[in-house]
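The following pair of complexes shares a single chain, chain A, combined with chain B in the former and chain C in the latter.
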Partner chain A sequence: MTAVRTAEPPRLPVRSKTAAGERGWGGVSPMLTRLAAERATGVLVRERGTLHLADGLVVHAESPSAPGLDTLLTAHGTLPPEAWQRALTEADDGRGVARHLVDGGHLTPGALELCHLTAVYDAAYFALAPSSTPGRFRYGTAHRLGPIRPVPVAALEHETLRRRDLLHRIWPDPGTDEAPLIRADPVAAPALTRRQQTVLDRVNGVRTAPDIARELGRLAFHTLVDVRRLMAAGVVSPLPRPAHPKPTEPRRAEPRRARGEPPPVPVPVPVPTGLVELPPDPHTTLLKRLRDALEAL
Partner chain B sequence: MANTETTLKEALASIEGATGVALVDYTSGMALGTMGGSKGFDLNVAAAGNTDVVRAKMRTMEHLGLKGQIEDILITLSDQYHLIRLISGRGGNGLFLYLVLDAKRSNLAMARHQLKRIEEDLEV
Partner chain C sequence: MPGIDECLLEAMRLPGARGAALIDWMSGLALGVVGESPGGDQETAAVEAAEIARLAAEQHAFAPAADPDDGAAADADPPVEDLIVSNRDSYHVLRFVGASFDGSVFLHLWLARAEGNLALARIRLGEMAERLVLA
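This part shows the complex of A and B:
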């Protein structure tokens, strides 16, 4: 009788932690979790944004990628810009900008709360993005905006992960989040919502999704969602990066539309000279999208 | 308008048969506030899922070239009513109110009327 000895089965492949982080199911920031546990007050500065904490709760967030509360409040006439300025100067008395806005009768507490809450989650999405450098924390600085509606760290982290996952499900390639956008030539142009059309009208080969958000006074994450949907529909794509960074060309002033001409024909793309420009073949694009969709299953 | 929490609390208390209410941002799918619900009914999950309902209806209207605005969407289950009321604000951020009603205890017409009043309170 011979004993059958089988070799140990090969180990199952394990997904690497960094890949999990990129996909949005990894942890967010262990440092932030620790700060929440010790009920810290101060400012957490990360690569792509800052979080303001009071007693371990997030009271405010800012990111260069997301429009600030002032932009969001003034862009649609919710608040006159002068009122914001006045509240800023008066807030030196230590009562906080928020109190001055509400007491001055410019905003109801509810409207301010909703606007601020959406702005905090918006900026935090970028501030909590995977970063290459460690964050720094400065204890003991209160934000001059004053308390509005503090958000628990766990809720913010949970929502940030859910948002990463949402973007990933719409379109798995994050290329459109930061790059300048260009119009692509879809095989069959889909019907777009008015909201998407407004975003598409601003795509000119120079503006990035956060630029468009700031210009429209919209939340940056919401614009990422719109742009990924446009990407999935095949009507925009990120500007291909040149192999070697070239000195930046002067910005093109405005798209031709502004001068009252008919809507621009898709793409004359301002590609830096020296870059080999290949118009994307619609069949190749379709195959790539199929591949990406299959991989995402 | 008072703050979100008070408004939602009031909705839950004043609308007959209401078992849960949420204020939802429909682009991100995030619930900006929830009140009520139960262990078996997670309002945050319902909020995120119903953004797809709203978005699908909006897209269809765009395809059809309809210019009107959605006021509310009603979904009837065998034992529940789900009411979605869109909030038209200047901010351009689409929000909606999501209300869960017990079908046996509620008055649909009345609930719809009350929800409309609450929407007017919430306009940003």
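This part shows the complex of A and C:
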């Protein structure tokens, strides 16, 4: 019997602090670095997300690509949706939504800190993604969520860069991060983890990785990791578009719509009828993937 | 009802505790760190602990067997409760925190072998992991 081997994912990266310093500025966004230095309070709106600052520290982050704190907390029954709504309405007294959730006995401070902190890093990964337009900063008051566990700007930027490395090491083509996903036909299907199987079950040619994360109430970055690993295993691939740029070319950043709106459902472009009716030869697919991977190195 | 820091400080009160951290194993991010870090660098220690935690959490061989009466055991998330790594001078106890949301989080306690009590640390860490997220 042939033992089925799971493709071993590459090791998690450690980002060298000296390398960051050598690039002139260690940051992802010079504007954010400046705001941190002047201990600004307000909202930084970038192309793919927003960061809320209080005294130069990041207190909250949101992105249309990442599920919000409410989704993460309510999707798994950690918090009843009514409790979230009530905390939102009661928070007008200035004490912050977070305080109400904890005081109301709905959440332990630990669960709230954990969920919020992971959600901030998750949304910030997208908010700090390279953008084609400059960010705008609105000075003002801190986020109504109230202080939970503020994150220094430098730590957030450092982690965001490390996360880019992490994804790149798993599979160097970012094509699966935003495109609708389809199932590929692997030559030898590897054993999948339960997490990956749940993600794979939702791949239907329309949903993108962030859509799947939102539906499952999972962190978007974690879902990107799962999807890139599935891609590396040859189990999924991005839906090919007619004018699909070659994987080695930098992808054109698509402006996202107003936040809150669901991501646009891609118009089923002259769908790869050939793909639906006639699955491509697995061996050809494998060779193409090998070529793409080599080019992307 | 503790927050992350209170939980880690409580872990540090265990006999022989040298360092404690709360780490996300999918990304390798340390969400909180108290005390010393094994190897000296906090980020490297978190990443290395995350690697071994991920391996343990993802291998089918370490998951509990399915209970014929109740499918819950097989679907337990995370499938592994804790991991113990020992060496000549210390113990490392990695305790997975129950996933009440998309959690891939564990507590990492580093204990000096001479003063540490592994059985006690394992029990206490389990209680702390539960209290951290359960209201």
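In this section, the second predicted complex is superposed on the first by the 217 of 297 C-alpha atoms of A that agree within 3 Å, B and C clash if a C-alpha of one lies under 4 Å from a C-alpha of the other, contacts with A are read in each partner's own complex, and residues count from 1 in each chain.
In this section, a contact is a pair of C-beta atoms (placed from the backbone, for glycine too) under 8 Å apart; a residue touches a chain by one contact, two chains touch by 3 or more.
Keep in mind that what you see is a predicted model, and the values were worked out from it rather than measured.
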- Task: Evaluate whether chain B and chain C can sit on chain A together after superposition, giving fit or clash.
- Result: clash
- Message: Between chain B and chain C, whom does A:109 touch in the aligned arrangement: first, second, both, or neither?
- Response: both
- Query: Which chain makes contact with more of the residues of chain A, chain B or else chain C?
  - Reply: C
- Task: Determine, under the contact definition given at the top, whether A:217 touches first (chain B), second (chain C), both, or neither.
- Result: both
- In chain A, both chain B and chain C touch residues 72, 76-78, 108-111, 113-115, 117-118, 121, 149, 159, 162-163, 166, 191, 193-195, 216-219, 221-222, 225
- Message: Help me check something: in the complex, which residues belonging to chain C touch chain A?
- Response: 1-4, 6-7, 22, 24, 26-29, 31, 41, 43-44, 47, 50-51, 58, 60, 75, 77, 79, 97, 99-105, 131-135
- Complex contacts: residues of chain A adjacent to chain C: 11-15, 72-73, 75-78, 102, 105-111, 113-115, 117-118, 121, 149, 159, 162-163, 166, 191, 193-195, 216-219, 221-222, 225
- Query: If you look only at chain B, which of its residues touch chain A in the complex?
  - Reply: 1-4, 7, 23, 25, 27-30, 32, 48, 58-59, 62-63, 90-93, 95, 121-124
- Task: Quick one: which bits of chain A touch chain B in the complex? Just the residue numbers, please.
- Result: 72, 76-78, 108-111, 113-115, 117-118, 121, 149, 159, 162-163, 166, 191-195, 216-219, 221-222, 225-226
